[in-house]
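Each in structure tokens, the structures are laid out below.
Below, subunit A partners subunit B and then partners subunit C, in two separate complexes.
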Partner chain A sequence: MRETNEQTAMRKHESAEPSNGTVLLAARGICKFFGTRTHRIQALHDVDMDVREGECVAVIGGSGCGKTTLTRIMFGLDTADAGTVRYRGGLLAGPRSAAMRQLRVESGIVFQNPFTSLDPRWSAGRSIAEGLVVRAARSGRRRHSAGDGEAIDAAVRGALAMVGLDPDDFIGRYPLDMSGGQAQRVAIARAMVAQPRIMLADEPMSAVDVSGRVQILDALTEIRRRQPHMAMVIVSHDLGVVQQLADRIVVLHDGRIEETGATGDLLANPQSAYTKQLIAAAAW
Partner chain B sequence: MTAVSDDGKRFKRSGRDRHATGNVPLRMRFGVIMRSMWQQSGGRFALIVMACWIAVSLLSLFWTPYPLLQTDGGHAWASPSAAHPLGTDGVGADVLSWLMAGSRTNLVIALLTMLVSAMIGLACTAVMVSGRRALASAGVVVVDALIAIPTVLLALLFAVPFGASIAVIVAACGMTYGLNMARIVKPSASLAARSAYVQAARAMGVSAWRVFFTHIVPSTFPVLAVQLSMSAGTSILAEAGLTYLGVGVPSGVPSWGHTLTTSVRLISVYPLTVLWPGLTVTLVVTALYLLGDAIRDCADPLANVELRKLAATVSRQTHNTGVDA
Partner chain C sequence: MNRTDMKDAMAQDVDVATRPQLATSGEILRVRDLSVQIADKTVLDDVTLDIGASERVGLIGASGSGKSMLVKAITGLLPRAARVGGDITMGGTRLQAGDDAAFAALRGRYVGLVFQNPGAALNPVLSVEQQVCLPLRLHYDLDAGERRDRVMTMLERVGLPASLAGSYPHELSGGQQQRVGIATALITSPRLIIADEPTTALDAIVQRSIIDLLVSLVESAGASMLFITHDFAVLSRATTRCMVIDRGRIIETGDTAALLHDPRQPQTRLLVNAAKTLTLNVNPEHHHA
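The block that comes next holds the complex of A and B.
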């Protein structure tokens, strides 16, 4: 038993060192508490995690183990109570820090439920274009300059096509008139449209029915194929999905990193008892 | 030749521009909204009354049956006749002329009240749903405290330094209705403020202000439409009341409340004169309330299928013309 733990620790140590790509996003010593002063629960205990350029990392673990909390902190959507997150070497320190701004521009986020993450009063085209429109306006050029409009239109169409939706059909459609799988692919297109360096998808399939899941998985696979340089963090319960998409797996258990390793290795040869349980449960 | 191809290009571009943001040309959207409203009985009634109100207001700028100051002492409190369709008031002035001119004043009051209450209401909402917890809860407390002040009291207070004026009505109504609006709009606004689509926008670097006006305010549309039209309607009732109390429109300025006030003194002797301003006010206020409901049901893409269909068709067509050109 002790041996196993040591092995796990070794493996964790190894993978924390830069191997192939350079580290994009690095979390160190992350702690997070929830609750009141009298009744506190610690959702994350001193967690370290790296995401390298071009790799797809899957975060797996049981319900309530802290996957959402960890990934939200890493992408600047929440703040940690202790520890640091660095994006391309810069410290994420508050919404106005340079690293945070850069992360906002260079990251795309897909939320769990597409029907709450897309504004119901916005057509798909408008939602997808939102980030680009804001950026074009900010970069000092005129909002209505024809070149911008054309570039944005092309980008929106490209993003819709990439997730397997017909741009003509979907640009003017409202979320109300889409299936779950279609809406989530629109949300993925929104995350992809600015060609991010890094993308987060927190259980992108769990709010969608089975046929929708297949469509989303296909869309994500296509994105992996077409954008090999983009890093991706995917949180999922579904080991099949993880196996298809991820290069590396991080197993989280009760707010601690249980084990981490290359997808094939880890699934074929899990070290910790908890990971074995997870895999056995999935095999059912 | 060059000019033509230039034009064609520009058209294509503007089409694509709209297309990219999923926006439908305003004129087309307006057309669909109007058509949907016309198909509802309440909406149709509201539209007809609004059109008449605006038309009469404009007309009264150039023409009324009699000049307002033309009085005929011999024909005071006259019953309706061919010469005076709605009769005359206590100094023998033509009631129809005064009501026509008054519709202008009431239109201005209703519009300004709507504007002021929208500004105050949205400003308070912005504070109450702001990300800064302390500011937000302070905002809630202040709104709840100020909401207890009645419109009439506020108007009386404003009238002390400023005297009776349209500004007093607008300020008193705008303030109280604005606070009310903020409180009623707040639940849906804070729901939107915490929603994943706002988080998504913020994570893409969209500014808090932009998020407020493009996501949060539109999410309150159903409540906002009804509240705003109610502000307009209630401001007309308030104008009548405040003018009666002597803190509304100053004497000599035509308004429905003014006509009501001058005739209500002898209501037991000449009840008919009260009937006309009373009817006008009732009609217009009812129409305004119905207008709010109709706008809520017809101008919101979430509630009106036709609007969503329009967006879908337009984006398809815009693209096709782009390809053909």
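The block that comes next holds the complex of A and C.
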């Protein structure tokens, strides 16, 4: 039976196409299996999802519903067992494909736990600058010039200021000397410094306390205000944050899209029993 | 099983011979002028608190404010390098820092602990039945049949099917793992439950069911609870009195609803305002499935 589902998903994705020109990232017929040959668990069932330029899409759902698996596949951090992901029309077909390289350059990712995603031996300034330094090095010159260095320093300071951290104070600080909220804002600055076209934030607030969450929410809100064309995907089960940040919500349940809609409409008038349950639990 | 049935069953379960012969007064936990220093850093500063019989008390504070250190101090789990001053009295026993045997005699018997991350708190090489049974083996002289009966009854109470008794932690969902954690904490019918952010790692739906279960079981058993959280919705649901800790000091204490509605201290106001900012603004009455 599972094999049949897999084959069905495979047939379906072959005919799927991105919807229109404003779509940056398009997933079609995504299936993902975990486990062994004798005990397979299907984590995603034939999932379609689009992310358009300038919009913030929140992916919500209970633990284990497939939120992180879906977004990791969409951002090229994992592979689907069936289905396709296209970035700006180009198929993500392995790490060396043109679309994947373009996505890597044009995307920023914020992970759940800043203390495991930041290098503890690197200062905030060095962590944030790394992507720019690598990019300068790959631009054809072996070493970046003094002019590059000044531009990188200015970009790092700008990114720190954007997330509400004093550049003079934080540029030389190490993760050990930061609170959870401060460290996550450094991770956001790192993701934002190269002005990505699309950003993924995978439960960016789950590892920090309530004050830190507000600081991160403020930072993400400011980023959206300053960069209105950037698309953002936020994975969260914190519906208060989703309500303030997202334009659109995708509800996942047991690896399937349960419901999707504009944030205000979906929260005010959820259609499925599961979404109602999710909102009732969050609005405790 | 409704709440009355559960209470009756719990009363039958804990017979006189096996109930901890400790506190008989209304005072479950008494802490006076507790100070803890680690490597010249003061992590707890002059903490004084009481928890009475059947009281459910919340402890809130920002990360690093000393919440978890207070739990460690109360349960004798501080690092050896810690310098401790002040008095802790639990169940009529005055506890001295470093008296590992006295603390060990109370942990799992007089005081049950529910931890933040059940995946890390449960022993990965023990089955669910072995895990829940462990406090009974350590503290009570029961035969194997009686231990098994109590474990299976407790699994039923926390909503776990008997078929999971032989499962290992990695085979369970986060919510199931936390139910095992709660069963392990409650199996000896302790007088005090300390829950250290027990739902932080869980999603909203599971979180709600776990809190309701924990409160219901603690109430049924007539136990007291110290509930540590930075989730104010959980705090309102689970506790009646609340303390706020900031930089190792208890800065405010009072009725939970009143404290959240009208915080007096600036640090408490910051926390409460932050929590309000993050609260989902919908009418929950419209969303019951």
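Quick note on the criterion: the second predicted complex is superposed on the first by the 261 of 284 C-alpha atoms of A that agree within 3 Å, B and C clash if a C-alpha of one lies under 4 Å from a C-alpha of the other, contacts with A are read in each partner's own complex, and residues count from 1 in each chain.
FYI, contacts are C-beta pairs under 8 Å (C-beta built on N, C-alpha and C of every residue); 3 or more make two chains touch, one makes a residue touch a chain.
In this text the structure is predicted, and so the values were computed from the model without any measurement.
**Student:** Let's test your reading of the overlay: on subunit A, do subunit B and subunit C clash or fit side by side?
**Tutor:** Aligned on subunit A, subunit C fits beside subunit B.
**Student:** Given the superposition on chain A, which partner contacts more residues in subunit A: subunit B or subunit C?
**Tutor:** In the superposed model, B touches more residues of subunit A.
**Student:** Considering only touches as defined above, state whether A:135 meets subunit B (first), subunit C (second), both or neither.
**Tutor:** First partner only, subunit B.
**Student:** Contact-wise, after the overlay, does A:171 reach subunit B, subunit C, both or neither (first, second, both, neither)?
**Tutor:** first
**Student:** In the overlaid three-chain picture, which partner chain does A:156 touch, first (subunit B) or second (subunit C), both, or neither?
**Tutor:** So A:156 only meets subunit B here.
**Student:** Now for A:126: first (subunit B), second (subunit C), both, or neither, which partner does it touch?
**Tutor:** A:126 contacts subunit B only, not subunit C.
**Student:** When the two complexes are placed on top of each other via chain A, what is the minimal CA separation of subunit B and subunit C in Å?
**Tutor:** 14
**Student:** For subunit A, which residues lie in the overlap of the subunit B contacts and the subunit C contacts?
**Tutor:** After superposing on chain A, no subunit A residue contacts both subunit B and subunit C.
**Student:** Residue numbers of subunit A touching subunit B in their complex, please.
**Tutor:** Spelled out, the residues of subunit A in touch with subunit B are 75-77, 101, 104-105, 107, 109, 111-113, 116-127, 129-131, 133-135, 144, 146, 149-150, 152-153, 156, 167-169, 171-174, 176-177, 187, 190, 194.
**Student:** Across the complex, what residues on subunit C touch subunit A?
**Tutor:** 62-64, 173-175, 202-208, 230-234, 237, 270-271, 274-275, 277-284, 286-289
**Student:** For the complex, give me every residue of subunit A touching subunit C.
**Tutor:** 61-64, 179-180, 208-214, 217, 237-241, 243, 267-268, 270, 273-274, 276-284
**Student:** Provide the residue numbers of subunit B that touch subunit A in the complex, in ascending order.
**Tutor:** Those residues of subunit B that touch subunit A are 10, 13-14, 16-17, 19-24, 195-197, 199-201, 203-207, 210, 215, 218-219, 221, 300-302, 308, 311-316, 319-320.
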